[in-house]
């Protein structure tokens, strides 16, 4: 897919760092960022930084017990000053807000979507996604990094012979796209996100299938045609993310892996 | 769009009440179901029954104050025995669950998407959607009925000369569609919803534009082609809902309206 | 008991709908109002509408376990716009208020007062009373309707042979009475309730015995004589309610029942 | 009223300390038990001990503001080991239980029932009733002692010339009575309370008027006749309590008061 | 240690009641202040009054189960009007504040520091410290009184042969000291505490060993030398407290004990 | 102070990384670790990593308003998998635990201890300390890093001319020391901390004055002599920390600063 479909020379200058409309921010995946977790990665999409850890718990939640099947769940949080102006801690407020609930449910569904729970066996993996610095796209970064943390934890379970065959059936990653002034843009940063008319988050697999599409008209409604343009753009971004995930896991687990 | 695209004779029997794949359940809108609210409607999609009320508050939330602009927000709840097995009250649990948060945020965004807040003026309309009986599709019924309650409240504001011109820029409705065994189905009931591979909720306007698309792979990932089939089906359902909304408002407000 | 004791012609006009001082509002009991619950009824006292459902749970609370005895408990809630001005949801507030606690404890005690828990066996019936529209007397409507929902659920347990003999030892109903300007009035609506000097709620059995009397001087203290006048009036109202409960159950369960 | 109406010689021995059926436990009121509060009293009914303090707050609650009228509210709590077996702290549980809510609402209504809020002026008095040791009758002891604390605080406001005439229109006290095996008993202790068939709490004024009657059938329903017997007995007890309140206030404020 | 080290004649007059710098307020320990608890004492340091009760629970917390070892924990609370101006109840606020947490953790650690948990056996003693009136030093009074309540409860366990040898390995008490204008003062009352530059709480054993030292510069930093002066002063106070604890226990348990 | 006082050759090998008894772990301070906060630093003590950010709020808390004085407060949190085994989020639990309260109160007091609030002016600085990875000493790392974040924020206020003279009166840092088997050790890591008999946290200023000393006997009581040995050791550690803080600030703000 050529850039020229999405970005004409004159509005190219509109993105920070001279980014093209169909260009991701610089994405970095730093595996084994912390030591105690079974899997951990620092994922960065430009200035957005999220620490993802995967913790193995040998118990499953009550609704899942006694079936021989595993479970994956996710939790999401933002450090109080990960945002431009400080937000109150949810622990202090005494409750988790609606946005947090919505995001952690999305991350959990996305990661469960690639799991073979029979292979995982009756144990739970909890993926924590904590935002160190937010500049747009924290939920898609969380899914993209969450996959890497999950894969590292699964690998550790295999190494310890607790799991025989990999419980991962596919790679999963996520990306945001949006419409600003009619222009489809890939991987919105915060300043773009806050003035987008339409905002989509797409969660896909490395076989081009999708597992979650969430599109919202923030400023103006959208047509089926615009939606299709945005989804085309998402595919481009996801492909690049799958490549980066593979590279990060290879570096962490050794070349032959 | 012909039914034959979606439902062959042999699987027609698979839906309760001999429903066709592209057929809505019986939808009923009973305006003015309660007396105190500025707008109220009982919306039924088959056995799913939701009471929607719109309450006008002459104050806006703090983040909105002093701008001369109005606001619309939504709250959603389920009566404890609206479900097949009784659920605990969120009031007793002391907190609102993630699903409730997600749904009430969706309803709120959908209804705000059609509002002209300058015309509404600095006041808030709170739309409460309370599920009396649940049989699948409560969030889409809430949006569809929420629009009617909101329109009745706006009409009352105009009647009282508090608002000069209607703050509604369009009609909004929502419908679910899903894939079961590869078959796209419109307006899933609970038993269908719980075995669907893919589940979409689509919020659209009466000009065919969309304002929210949420698709989730519950059991198996989906392709772009399948997604397009589902969205075609959604359009059919939405058209019928816009017609029913119009009829309900006409009956409540008088023919010439 | 003659009306003339309580209502002289000249103040008869003071009640909405030309109601006599010792006259109930129109009371309607609509059994099987919802489908999933083991017992359900919509109870209406004039504009007051409460949905009562009875849910059977095969477990009893911990303090009751292992004794072979059943339990009945009640929960009470108001929809946010059941009231003239919208109230905040208790789920959003994160806690149940004092008034709600007080009412649901009263309903629970009243319904337990007629139960033979040995016959019920070690299971719990939860009676949910949710106010759709409030116009005074929601707690007495809840008890009156709660009995019908409970009776329907007990009948279902007998039909399924889970319970051999009816666990109901009596009928129970409740009514409010009050003093306004020295005049005893039966079944206060909201506008009466808010200007009553004295407000009583009486819970009685169909054998004329009482199980709960709660009288409060809202505006002025009361004498023993006044209290006795009010209790006489309550008896009249309760008799009518027992008759209506019987009729509702007969219609739901068949004549010969 | 003669004892012989209520207690025959043979069951006299049934009460702790050879108490007669119409005899109060030893009641002690120790005014000024603590120093900081505007009014304070330790009230004891036998082993039941409640510390009541009245705190003057120069602000009224929001719903009362700007009307020139005062307010009285009450809070009630039990120390964790005031009971035979330790109860969890409500502060640790994070919420106030239903029983506590019910009791503190009753105390508040009872004390408000004697107030002239115009004379009090736009200020609030908060009466805290904290149970040091519980042996039945804590709510009636709280009302009886709460009156004394309230009267001391009102006296202090008059002494400081903040209030010109006493805002107290009457004395208020409360007592429990119950039926055990058909025998009416005055002022139940815990062991009596837990086996009573019927349990009444009566709040009365020193002019024989009543402001609150709450009667509950714990074990068996009751007739109008039994209820009247119990209320007769309550009158006896209340008279003694009014005498003791007067004596306590006289000792605290000086004879001529 | 001579008083002359700490209090010169000219500033002697600075303390309430002509107290010397190294002099405790009048300390009173009233054992068996309440009846239900296994151990109870009212501890008073001048106007500070704290009720300490020790409750034996035959279960230990989950983290301690199955090890044959006991546990001691403490809870702390203040009555709303124990303070000069009324504080809100933590139960009403729905959460325990930071100061309360800090204090109850300190009391618990201090009391656990003298326990032989093997001798206690797998049971828990909960020490509740509830402040009736606060005038500074409530946490040190709680520890000092908490020891007496704990010792009474342990004695009761021995009397009942549930415990064979005393689980107490030492006496524990606590005292505050502070620096005001360079002058070390023992046992600060509220007015002193609120203007102290440095505030220490010291928890010690009757063998002169320490188990907790907490020193905070409220107004000005302190030197090692000043800290040593304060700790010398604490030793004087602790010795007196150990003597008073012994006397209180002897009076409660009989001389020969 | 010579190492030989504290570490004999034979037990030197007991510390991870051949660390000497009076030797700090490798301490790293990375200023400007995040971009949005007015001050930020990543502080590492060996494997312990804490992100400290300082956020300027132009409002002070209500109790401080209208006095022309500033305020500093601190909040502390641990990421769920910062610990060896995953802990539940406090946001999910709905309340902040006692340990967190205790720590954030300590950090706040320590940082306030060096502030000139007149110079700061009526604004608040909130210092958030979030533990990325925990290996003992997180509270002392938080204070040490918190100072750097606070200094960076103060510098920014001076640069913007919002504050004229530095509101910092001294440098503040904190260190832990402990006794293991009679051996005093500086800067305990988690494995040392969990088997220490005595554990001290000392907060000091660069002029050798102290502002907080907290010592706890975890396993065995301690003598005044042992306490003095530990405080000597703390002084050594604090000096090194002051040097590192100076270097970090110099690198962030330019040499001449």
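Chains: A, B, C, D, E and F, in written order; residue numbering restarts at 1 for each.
Here, a contact is a pair of C-beta atoms (placed from the backbone, for glycine too) under 8 Å apart; a residue touches a chain by one contact, two chains touch by 3 or more.
Fair warning: this is a prediction, and the values are worked out from it, not measured in the lab.
> Considering only chains that satisfy the touch condition with subunit A, which of them also satisfy it with subunit E?
F
> Which chains contact both subunit D and subunit E?
Common contact partners of subunit D and subunit E, which must touch each of the two, are absent.
> Tell me, please, which chain's centre (mean of its C-alpha atoms) is farthest from the centre of subunit B?
E
> If you average the CA atoms of subunit A and of subunit D, how many Å lie between those two points?
Using C-alpha averages as centres, the distance is 61 Å.
> Could you give the separation in Å between the centres of subunit A and subunit F, each centre being the mean of its C-alpha atoms?
34
> Which integer distance in Å separates the CA centroid of subunit E from that of subunit F?
Those two chain centres are 29 Å apart.
> Which subunit D residues touch at least two other chains?
Answer for subunit D, listing residues that touch two or more other chains: 94-96.
> Looking at which chains touch which, would you call it a line, ring, star, complete or other?
Contact map by chain: ring.
> From the touch relation defined up front, give the order of chains around the ring, starting at subunit B and going on to subunit C.
B, C, D, E, F, A
> Considering the complex alone, what residue numbers of subunit C touch subunit D?
Answer in residue numbers: 95-99, 101-102, 104-105, 109, 113, 170, 205, 207-217, 221-224, 227-228, 231.
> Which residues of subunit B touch subunit C in the complex?
34-37, 40, 47, 49, 51, 53, 55, 57, 75, 77, 79-84, 86, 89-96, 100, 126, 128, 130, 132-133
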